[in-house]
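Shared between the two complexes below is subunit A, which has subunit B as its partner in the first and subunit C in the second.
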Partner chain A sequence: MDRRRFLVLSVLGVASLTFVPGLMRTSLAASKLEEDIQKRLGVSLSQIKESADVKLQAPTIAESGANVPVSVESDIPVEKVDSIWIFVDNNPSPWITDVKLTPMNGKVYFATRIKMGQTSNVRAILKLKDGSYLMATKEVKVTVGGCG
Partner chain B sequence: MAVGTGILRVPKEAKKGEIVKVQMVITHPMEPGTRKDPQTGQLIPAYHLTKLEVFFNDKTVSVIDMGGGVSANPFIGLTLKVEESGIVKISYEDNKGGKWEKTAEIRVV
Partner chain C sequence: MIPMKKLIFVLVFLLGFAGASEWFSDPISGIEYAKKEQKPVMFYFHSEHCPYCLQMETFVFTDEKVSKYMDKFVVISLNVDTQVGRLWSKRFNVFGTPTFVFYDPKKDTVMSIAFGSRSKEDFIKLLFMACERSHIKKC
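Take a look at the complex of A and B:
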């Protein structure tokens, strides 16, 4: 191996070592949520549309990530709704909970408290009986994480 | 309080057709299984509720699946449309086989 090829190869090697892990990390973080949604809902995140009909309430800033109150509400008749799903983008496991509703609920409402490891988007997804999905997203800033 | 103790809160009385809130708090550590013990560095094994069902007069109202992402001592709020007097029952279980039940009564006036 002559000197020029050696130099080119070593530059490439250093470049790949520094850039590739960074790229992999971001793509992994993004796909963890997508994977979870694909696995649990059977659709990809890009197919779910944002809707103002889903009202997601969560604090803008949460002091403790161990206890973040969220509630989901909608004026869509409960007869048309199958279930409510809650995801947190940056959690080690993005899926938090899902609730199957029945007409006996009277309206679409669900409240709980969730854990958040760091500042992240919280997503509430409504699965409708006709097979479509509606989503509301809200960013919650977390000062102290609650996942470790 | 012992693990699995539940508090179920519903209004004592409701009008026919009224939509009331059903709220519950369950004592449970909700360990997700991803946390490490700061002293020993060992993973703390998962220990959390997995399923909670809400019944009204033995008819299913809601089924909730959850994992370690729900806060310790989880609070859950739902609604229920009351058409008749009856018993609200919640039954819940964790990943270690624990199973509990709790009931409360609503009277239509």
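Take a look at the complex of A and C:
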């Protein structure tokens, strides 16, 4: 093996050791969420559109992952909305909750506190009565976690 | 067959804590030992099903730097689901896990209480601050 070939192979080796574990982690996290969404909603994540009609409020940095306030709101008439779903990408179980809405709710609004194991995207998904889905995503950085 | 979780715990204890700070599960013996060794006490309140405790045990306590700082303390590890754990968690008003109570055995006073898991760096800062509040001269 000549010197140039040795150097190229070394660089490739170091690069793969550095980047591959990170890529694998990302793809595993994504697949867990995708599996959960497919199982519960019956559609794939790629079929769900991001929409400004869904307003997701959550802190950018949560002091504690044990207690993260999240609210989902929309101006879409409640008669057109079937349910609200919340998922956290990196939680051991990404599904957090789903709330069925009726016209008696008055408007599309749901607020709760959730547990997050680590920094992750939080996703709020609206299932509309016409069978379509709309989504809002926000990253929440978790610095400290605890069990209450 | 040994459950995976138990196996991880045993490995963590053997690899991570061996030769590091003194760990006790009996508070009375731990406090007596701390008095004798003139060291402050860190109570570590944990529960079996709390992922944040597992995170601390797997990634933080096993770190060499953290372990070095923890050497300055006598650690009393208490599961809040046991009778002893419940008794002592009531005493210190521990409302969740993981909770770290830094305690001066000589004065029988609590120096500080911290709730929640932390990164290695933040946990070292916490230990350093607790160490400075104690009678130890070199922190």
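Convention: the second predicted complex is superposed on the first by the 119 of 148 C-alpha atoms of A that agree within 3 Å, B and C clash if a C-alpha of one lies under 4 Å from a C-alpha of the other, contacts with A are read in each partner's own complex, and residues count from 1 in each chain.
Following the convention adopted for this analysis, a residue touches a chain if its C-beta (ideal position, glycine included) is under 8 Å from a C-beta of that chain, and two chains touch if they have at least 3 such contacts.
From a predicted model like this one, the values you see are computed outputs, not experimental measurements.
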| item | value |
| --- | --- |
| Comparison of subunit B and subunit C by subunit A residues contacted | B |
| Which superposed partner A:Gly145 touches (first subunit B, second subunit C, both, neither) | second |
| Contacts of A:Ala66 with subunit B and subunit C, given as first, second, both or neither | both |
| A:Lys100 touches, of subunit B and subunit C: first, second, both or neither? | first |
| Contacts of A:Tyr109 with subunit B and subunit C, given as first, second, both or neither | first |
| Which of subunit B and subunit C A:Pro92 touches, first, second, both or neither | both |
| Shared contact residues on subunit A - subunit B and subunit C | 66, 92, 146-148 |
| Complex interface listing, subunit A residues touching subunit C | 64-66, 92, 117, 143-148 |
| Contact set on subunit A toward subunit B in their complex | 66-69, 71, 88, 91-93, 95-107, 109-115, 146-148 |
| Subunit A-touching residues of subunit C, taken from the complex the two chains share | 47, 49-53, 55, 95-99, 115-119, 122 |
| Interface residues, subunit B side, partner subunit A - complex | 19, 30, 32, 34-36, 56, 59-72, 74-81 |
